[in-house]
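Notes follow the structure.
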Amino acid sequence: MADPRDIAVLVGSIRRDSLSRKLARAFIALAPPTLALEIVEIAALPLYNADLEAAEVPAPWGHFRDRMRRAEAVLFVTPEYNRSVPAPLKNAIDVGSRPSGKSVFLRKPAGIISCSPGALGAFGANHHLRQSLVYLDMATLQQPEAYIGGVDKLIDAQGAIANPTTREFATKYMAAFAEWIQRVAPR
Amino acid sequence: MADPRDIAVLVGSIRRDSLSRKLARAFIALAPPTLALEIVEIAALPLYNADLEAAEVPAPWGHFRDRMRRAEAVLFVTPEYNRSVPAPLKNAIDVGSRPSGKSVFLRKPAGIISCSPGALGAFGANHHLRQSLVYLDMATLQQPEAYIGGVDKLIDAQGAIANPTTREFATKYMAAFAEWIQRVAPR
Amino acid sequence: MADPRDIAVLVGSIRRDSLSRKLARAFIALAPPTLALEIVEIAALPLYNADLEAAEVPAPWGHFRDRMRRAEAVLFVTPEYNRSVPAPLKNAIDVGSRPSGKSVFLRKPAGIISCSPGALGAFGANHHLRQSLVYLDMATLQQPEAYIGGVDKLIDAQGAIANPTTREFATKYMAAFAEWIQRVAPR
Amino acid sequence: MADPRDIAVLVGSIRRDSLSRKLARAFIALAPPTLALEIVEIAALPLYNADLEAAEVPAPWGHFRDRMRRAEAVLFVTPEYNRSVPAPLKNAIDVGSRPSGKSVFLRKPAGIISCSPGALGAFGANHHLRQSLVYLDMATLQQPEAYIGGVDKLIDAQGAIANPTTREFATKYMAAFAEWIQRVAPR
């Protein structure tokens, strides 16, 4: 059997125990064996500033870019801050997309899972992120859409999705994501 | 005559000599005397992380929040990164809007000027920002919309807007912004 | 006491017994006496086609435009079709905004209530509509945002909002809308 | 050689001689021979109303749905009305997507070309349409993005794109669209 494919997971909140991180882990646990998913950390990335490209770039930018360059696809798991993408995740996107012509995202398949404690499931962040992925030329999974509401009550003490319906949805989502990757970037 | 009103200007790019900073200065120079506009720096703000609210918050967050709290209105001048709001500006919004119940933006009038070297004038960033301002309850100037294209050729050596049509537009914009502030937050 | 202000209500679905129409009526019933709200029908408007402006315009366009011209503000109550504004409502906006220079919406205050049977509350339609209202120069109420989920279970046999929390929210919303109108378009 | 693939082209404006129709024709003329593109008319579709699904549906709905069901992919060419998708095009989407479970768009590849006489190239319509296509599960070409400004000066008396740079872009766009269709829906 072929090696599983290397998928980078970017989590929108950089809180240590953020709900979106827990949700990301719970989804990862339900992925098919064809995918090897790893959360890539973004908390240490200095704010994007093009002036810093001129000399030696900040070390965290270099590490992040190197790691992301190896990834074959990207899964975004994100809350919503002020009806849009949280700054730490937008920063990872801005850092990874530069300098011009060296984007680490270019032509890689993507999936988006957005979440909130409330009912709306971070719809606003989800679609703002989609607009950025157009520019980055990332073929993005359309269906199923994943707007996960009530995320504060979703994860049990073992880190699994407590609700059977949502667990089933997550399993289906990860299968669809794997299939999408194979469809648009076959190996 | 009454003192001019204190207006904070947030510039979306943190490059030292960014085009949006130059554009912001050029617009500021054309404002009516009822407005006292000042660029508030956002480059030093650590990425928003709710964990940091628990103890003593990072000093740059404190300074930024104190300064912004005094402002009576906010003018955003921003480029577009990846078809959305640049991370440094989104970060300033996320930092200033927290902790819950202490937003420095609450109920303050806002204006948005977006710019790009290309033709599109950062339309995507402009409207993503507008979506955040709904959540922040900032009454936002609707017309004139300000999508400034070709910004790399717009500012002359003295920092003024070279093109008479755009200079006239900028004058009109700043007058409309002053009128909007007086309309929704009269003094 | 002054006459109440004339507020046009545009309902996004043209089904006879649409949930959004019921919701609109329930909100109208909770409005303060300073507002006189009336649903303005949009079902009979032919699709917008600029060619038809040249000769005698379709009679339904004329009636709609005349009625809307008298309104002092507009309340939109809408479901979401395909993650955006339903065609009948977008058509009413397109018809009412033309011909150039004769928009019936110009500089009128607006409010938006979006609804869905599911949890998301038509967030996508709500914000797409907001983007149009920027162009139309309608000062739009920012807070409270109104994303009404579970609308299929919300209205009782008498047409009232069954859920006390939502009824209270609706009362608060209508008061805020009345206050917003008075704030941006005082009489 | 295999038969060319049947691609439906939906034009956002229903004016007889609309600029977007002219632009659509000019792009069609530059398509590779693997694609057979045909403009499918949407002007006669009554406004979407779910009540009409109960009995015999309006004949134009039936014809449109039948024609679209045969299409293997869809190319949208659209202007912007009020910073969003024109009502006639949104109506075609709403009609074609219903009734539930019978969408004519489901899982078909899509491309979007937006245009305006001004500089902005209908960016707002382009991305609002993209949000609908997520729901419709249409894999949408990301790059090249096509925001065609100055469209009123673009088409010559023979209906071709006068400007060599834009003509070259259009050729490249149609090749990329053909390649995208083959990538996500190989035959």
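Letters A, B, C and D mark the chains as written, and numbering starts fresh at 1 in each.
Heads up, the rule we're going with is that a residue touches a chain if its C-beta (ideal position, glycine included) is under 8 Å from a C-beta of that chain, and two chains touch if they have at least 3 such contacts.
Keep in mind the model is a prediction, meaning the values are calculated, not measured.
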Farthest-lying chain, centroid of Cα atoms versus that of chain D: B
Interface with more contacting C-beta pairs, comparing A-D to C-D: C-D
Inter-chain centre distance, chain C versus chain D - centres from mean C-alpha coordinates, in Å: 29
Centre-of-Cα separation between chain C and chain A, whole angstrom: 36
Rounded Å distance between chain A and chain D, as computed from the means of their C-alpha atoms: 30
Shared interface positions of chain B, touching two or more other chains: 83, 124, 127, 131, 134-136
Residues of chain D touching chain C in the complex: 13-16, 43, 45, 47-51, 81-88, 90-91, 93-95, 97, 124, 128, 131-132, 134-136
Parts of chain B lying in touch with chain D, wherever the complex brings them together: 83, 119-121, 123-124, 127, 147, 149
Chain C to chain B touching residues, read off their complex: 127, 130-131, 133-140, 142-143, 145, 183-184
